[in-house]
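Contents: one structure, followed by commentary.
As written, the chain order gives the labels A, B, C, D, E and F, with residue 1 at the start of each chain.
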Amino acid sequence: MASTYNYEYFNVTFPREYVAQVEINRPQKMNAFNETMWKGIGQIFERLSHDQDVRCVVLTSAGDRAFSAGLDVQSASETGVLSGNDGLDAARVAQRLRHHIDEFQASISQIEKCEKPVIAVLHGVSFGLALDMTLCADIRICVSTTRFAVKEVDIGLAADIGTLTRLPKANIPMSFIKDVALTARIFSAKEALAVGIVSAIYDTKAEALSKAVEKAELIASKSPVAIMGTKEVLNFSRDHSVQDGLRYVSVWNAAYCNTADVTDSLTAGIQKTKPRYAKL
Amino acid sequence: MASTYNYEYFNVTFPREYVAQVEINRPQKMNAFNETMWKGIGQIFERLSHDQDVRCVVLTSAGDRAFSAGLDVQSASETGVLSGNDGLDAARVAQRLRHHIDEFQASISQIEKCEKPVIAVLHGVSFGLALDMTLCADIRICVSTTRFAVKEVDIGLAADIGTLTRLPKANIPMSFIKDVALTARIFSAKEALAVGIVSAIYDTKAEALSKAVEKAELIASKSPVAIMGTKEVLNFSRDHSVQDGLRYVSVWNAAYCNTADVTDSLTAGIQKTKPRYAKL
Amino acid sequence: MASTYNYEYFNVTFPREYVAQVEINRPQKMNAFNETMWKGIGQIFERLSHDQDVRCVVLTSAGDRAFSAGLDVQSASETGVLSGNDGLDAARVAQRLRHHIDEFQASISQIEKCEKPVIAVLHGVSFGLALDMTLCADIRICVSTTRFAVKEVDIGLAADIGTLTRLPKANIPMSFIKDVALTARIFSAKEALAVGIVSAIYDTKAEALSKAVEKAELIASKSPVAIMGTKEVLNFSRDHSVQDGLRYVSVWNAAYCNTADVTDSLTAGIQKTKPRYAKL
Amino acid sequence: MASTYNYEYFNVTFPREYVAQVEINRPQKMNAFNETMWKGIGQIFERLSHDQDVRCVVLTSAGDRAFSAGLDVQSASETGVLSGNDGLDAARVAQRLRHHIDEFQASISQIEKCEKPVIAVLHGVSFGLALDMTLCADIRICVSTTRFAVKEVDIGLAADIGTLTRLPKANIPMSFIKDVALTARIFSAKEALAVGIVSAIYDTKAEALSKAVEKAELIASKSPVAIMGTKEVLNFSRDHSVQDGLRYVSVWNAAYCNTADVTDSLTAGIQKTKPRYAKL
Amino acid sequence: MASTYNYEYFNVTFPREYVAQVEINRPQKMNAFNETMWKGIGQIFERLSHDQDVRCVVLTSAGDRAFSAGLDVQSASETGVLSGNDGLDAARVAQRLRHHIDEFQASISQIEKCEKPVIAVLHGVSFGLALDMTLCADIRICVSTTRFAVKEVDIGLAADIGTLTRLPKANIPMSFIKDVALTARIFSAKEALAVGIVSAIYDTKAEALSKAVEKAELIASKSPVAIMGTKEVLNFSRDHSVQDGLRYVSVWNAAYCNTADVTDSLTAGIQKTKPRYAKL
Amino acid sequence: MASTYNYEYFNVTFPREYVAQVEINRPQKMNAFNETMWKGIGQIFERLSHDQDVRCVVLTSAGDRAFSAGLDVQSASETGVLSGNDGLDAARVAQRLRHHIDEFQASISQIEKCEKPVIAVLHGVSFGLALDMTLCADIRICVSTTRFAVKEVDIGLAADIGTLTRLPKANIPMSFIKDVALTARIFSAKEALAVGIVSAIYDTKAEALSKAVEKAELIASKSPVAIMGTKEVLNFSRDHSVQDGLRYVSVWNAAYCNTADVTDSLTAGIQKTKPRYAKL
């Protein structure tokens, strides 16, 4: 299948049936993000969410040095919202800032809203926006040499594209979160694994990517109804009480477990065959 | 004390004063649950919650192979809600499904609602419903050979009896949760300990059970007022903001710390005796 | 700078520019807290919150044996709320208790409400109130010999000054929390690190304190606007849904990222100089 | 159809197809509630909720003088929870009280949880528990001579069976609610209509009951799928944000609007016939 | 100013400076909505939200007979989501339904998300979607002959585009809401005023529209910073606790009340002139 | 009893046993509030909350012309937060603004936090802060000539001391709220009554005040335990789901209904005497 996903800074490929791979591709700038890029990644994931040929997505980056160095600060200061507020009063600057942040958040949040699971493979420098983006992913794995940082305080900002919001909801111990967010210090893959930011470490980028694609293939081989529901209910539950979570999954399954996928799964289990599920 | 808790698939015993032990007993089917069982376990814990002779509960399973293989799918497909929906439109099937899930959830949630702490001892195969049930327990320990899995996607379903709701609220890192819930892969006792699903591992089932009973005895030796309040406030706080949690414990203790247990505890502390608390 | 923070049981010093150090000072009683102390610590942190010469706070305790043995039970039983309720009906005792708990909580919560990050350095005996207090801190580190316990059930009480509320919101695995809160057992620094209650262990109190001051100096060297916002947004996010968190940080930064600190940071980054930020 | 709902203090009849009428029947005591009664009414509504022959319920009371004078205080003080606490400490009395209130609330809440709409017809004295119960109903109408009161403060209590919780959520102006709840004053049908506690007033009990049955018949003539969903979604929305409400109704209708009732409704609309819907 | 808002079914005009008027224009079908229309109205309000020449919006409809008869059911059944689900299992139909509802809701919610106040002028038949849409408006006024209905149960559906969610949050008494939503009965302008669905009634459509434009002009004459903030904070407060609401407005105004509009307003007040505010 | 409540701008008197009356006293400035005043009113209500000789409070204002014209804008612009921000960047101005708003809110919120019911008597001009303050009261009554306005947009601000937060939670129809908050128009006592902002209107200030004192006396004659609980539970319920509200009142009454006030009330009821309750 030839990809129709053509974006200047992204390579979108399909390494396995039902598996999409999104590669951030600006390695000469350590995959730092300019405005075209953060708008683009939102569009890609919005499309993947509705693409019936996709059941799982791998998110990776080109080059050896960096998953992403974060926001391209030079680009942002030249063309972005902070340039040229001359003559505006503070409220009007606030308005421009708020609209800018809202738009930026909305685009990055498409990674989380994508109805298919997303596996992020981090390597090398993974600073600032690298975390904002991958905290929207469902599963994070990394290379042993990955270097993480919540870098925003070093440019005078509280991180506002999601890191400060999603780290506490990813069930990472708060003392660790505060430590890295307040100091902007670099932390290692090993630390990230210990606190649960990533759930596996591999020796090389190639190996990590290979394992991610393999895991994506496994997920894509399962009932798309069950997979979508599992992602949705876990994300809903994260933000609601146990009681609300139980009610939501009850109504959800009232809609979604009356499906041929159940009998297809059971039959395949008995017959030791690989089930083929209808498109969703 | 002879137990009056007589259930076909459960042995309820009292290995220590104020300690109840609930043993799931269908080892020939790997303790897989049929409808009689999931209704029964709810009834048992509802009774234990109000039994003044019980101050802590241990939940275990008979046999060497499995804590539980989960739902007895064969039984469910023969007699359960998914059989025989011929002629009903999708909304009416949804209604049957929702009522079924609600009833199932309500029964399993009795383990969580039980006002006495529950210690679950997992061993062997611990799949699907095994997690739904034990995530309702307060403390989980296991044997080193325990094999866990969130199995539901393999039968075409998003898990709906509580696993997807309670795992995120048990403060387990989300990346790990998504990994195991989306792949249905088996994970080990060691992994479960690393992420905090269990808080201890023991070499054998006998040792784990012995330790659980010992811990239950310790808990049962303490003020039942303090123990009940501690469980209640922790569960409330899990689902509410810090501010709401602080207010709740303030009102709770306005009701519950005007008790002889405080002076009994202090006196026993000074006299180095073991306090005896009135029934609650 | 000579401190104007004069309190009977606390030494407040300024070991580095913009760094305050609060030392609990009642070592002969293992830093157990009487009413003067828990009121005092609230006043101190309320003042630090508004002190423009302070950008980060270290919380430590005098002596080798204990960060704090918790509430001074003897003092509380002689003068406190539980003494002398003769003749009052239960509702009026409840009223006294609730007002007492509210006042106590409000004072300890000043540590959390302080708009500057707080780093707690735990050592030796760290029981009961030691946890209530340090769970209000942002970062917790400790000495390898620290002994922790949620002790309240041993005096017949559910802990009501914040431990039961803040432990679940600190993203510590629930099974571990229930284990230590229901048994009141002592747990080690190593356990505390494994579950994330502390984010680092050091061999000696001197080393831990030195590292804490160093970390505080690092935090204090950064933009005070960015640091305050980071703390605020992380605490807000802990208690709200992802969507609410994203909206809050968007409005927050509409107010706070129109600041010279951003350009000061960027300029310093380019010029490899140390930025100097205006007071906040 | 002969009713199988046989209860000492209630007459359950079926005045129209799919319409049940529950009449509280203790007129000689002004329909004051003893324990048998508040347990009974919960059982009745739990059964009606699952009764496929019922699509709408009318709640009324026997006699001319009172819908209900509220709790039968004499009965409660003789046999109830407040009698005979001698020798128990305050915490243990609190435990008895809490269990009693929880059980009482759970029973009355069955009126709200009933999946079929409930129309309450109030007349005469409607004090205390009369409001707790009817605030669980969906629609309230009354006779012009009805006299309402939130009476609980006059017996030294904050109302705890639901009035203080449900009045603010029924969208009644808070100033009015506080006025009547803090003074226990009697208020008229006209006042109740003006603030929205009732949505219609009729001259006589006979007329009000007749109108209620007519309205129930109308509701019962509509798609039971649509009616159940409408009640459920309105109650859910009352307690959640607009965003949560929109998501819930979306998932709900994903389950429930794939139904023959839609085509049956449309066809009947075109053919000007009365649709007949399958049982739910 | 010539409008660049060109839409097949809508006339967008600018009757006053800073005032936009959106007229639904399909009078020959009683302004019933087809898919082109509900998508169009969302696009219009999204644009108005960011249009610096607009400070207030009036929403009205062409013709004398109807504001809107609601969804064009014929069109929906021919081309919409419910047509042609042959061969899909219930889960896949559910998926189509949920995506359809989500998209529909998102479009209509643009009326609420519009950062400028929206005044809806209802007249004639105002059924179903007419309420979904106008409950997104800030202010509702109507003509004395307006006939309202929550019509959805009559086509076998629980209303899912917002009426069931927003009516309870519009602070309309629940008993009235349930009455009209469960019976689908027509209710009058007078009833709508009495319960607060509309805040004014006028004798003719011309008069109502004239008054709406006048009110819009008044609102548009005020500080756009103050007006936007007032709408935002009221909508936020509706969905959050008082404490959260207070915190939100505090941060909001930290961003937005450092504005020349304050001094412009004060100066104009003193000089008795009409203030001119900068664009926002 | 001679009052010990001595404040420059307030007269605090005790017109009846257990009834306090707070009179705002700056009639020559139409009771507009300067900083001394808004700090003072917070201190007064904080003291009243803990004063065992007070069971109900009446809030009124001196003079015939105004309850309050709102914030004294002249005073605020001379000495307040908006004066003299020269040289500060926008973030530092935001910080000053936020601290100012927080302090202002905290002071006014003492009226709501007061554990005794507060009855506000509005007359004449009641603009801006007059509403912020009286929306913290429990019961609002007014004189027929009272003129209300949410005035803040006219000085370029979204109201930030509570009006925009508490009006929606006071269960006032949103369409009306938006109308008056976005236009700043004056509305009448009659309108205020129709939507429920006030619950009664009287012809003269003297009559309204007399009725308020009478109502306060009635409330003060009842069990202080029951009255405090009723206020607390109603305020809690306003901000939480029905389920949370039910649980809260259950725990609250576990603490507070084990009281002699119940038997004192019942005995007085039987003996037709006026009960005398112990101090709380």
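Quick note on the criterion: a contact is a pair of C-beta atoms (placed from the backbone, for glycine too) under 8 Å apart; a residue touches a chain by one contact, two chains touch by 3 or more.
Computed from a prediction, not measured in an experiment: that's the story for all the values here.
Counting steps between touching chains, the shortest path from chain B to chain E takes 1.
Shared residue numbers account for under half of those found at the interface formed by chain D and chain F, and the copies are therefore classed as meeting with different residues.
In whole angstrom, the spacing between the mean C-alpha positions of chain A and chain C is 33. Annotation: 34 Å between the Cα-based centres of chain C and chain F.
Listed for chain A are residues 90, 93-95, 98, 169, 171-172, 195, 225, 238, 240, 243, 251-252, 254-259, 261, each touching two or more other chains. Arrangement of the chains shown, judged by which pairs touch: all-to-all, with no pair of chains left without contact.
Against chain D, in their complex, chain A makes its touches with residues 240, 244, 248, 251-252, 254-256. Taken in their complex, chain E has these residues touching chain D: 73, 77, 82, 85, 90, 93-95, 97-98, 101-102, 105, 109, 112, 152-160, 162, 164-169, 171-179, 181-185, 195, 238-240.
The part of chain E that touches chain B in the complex is made up of residues 90, 93-94, 243. Against chain D, in their complex, chain B makes its touches with residues 50, 88-92, 94-95, 98-99, 225, 255-261, 278, 280. The touching residues of chain B, when paired with chain C in their complex, are 117, 138-140, 169-172, 195-200, 215, 218-219, 222-223, 225-234, 237-238, 241-243, 245-246, 249-259, 261-266, 269, 277.
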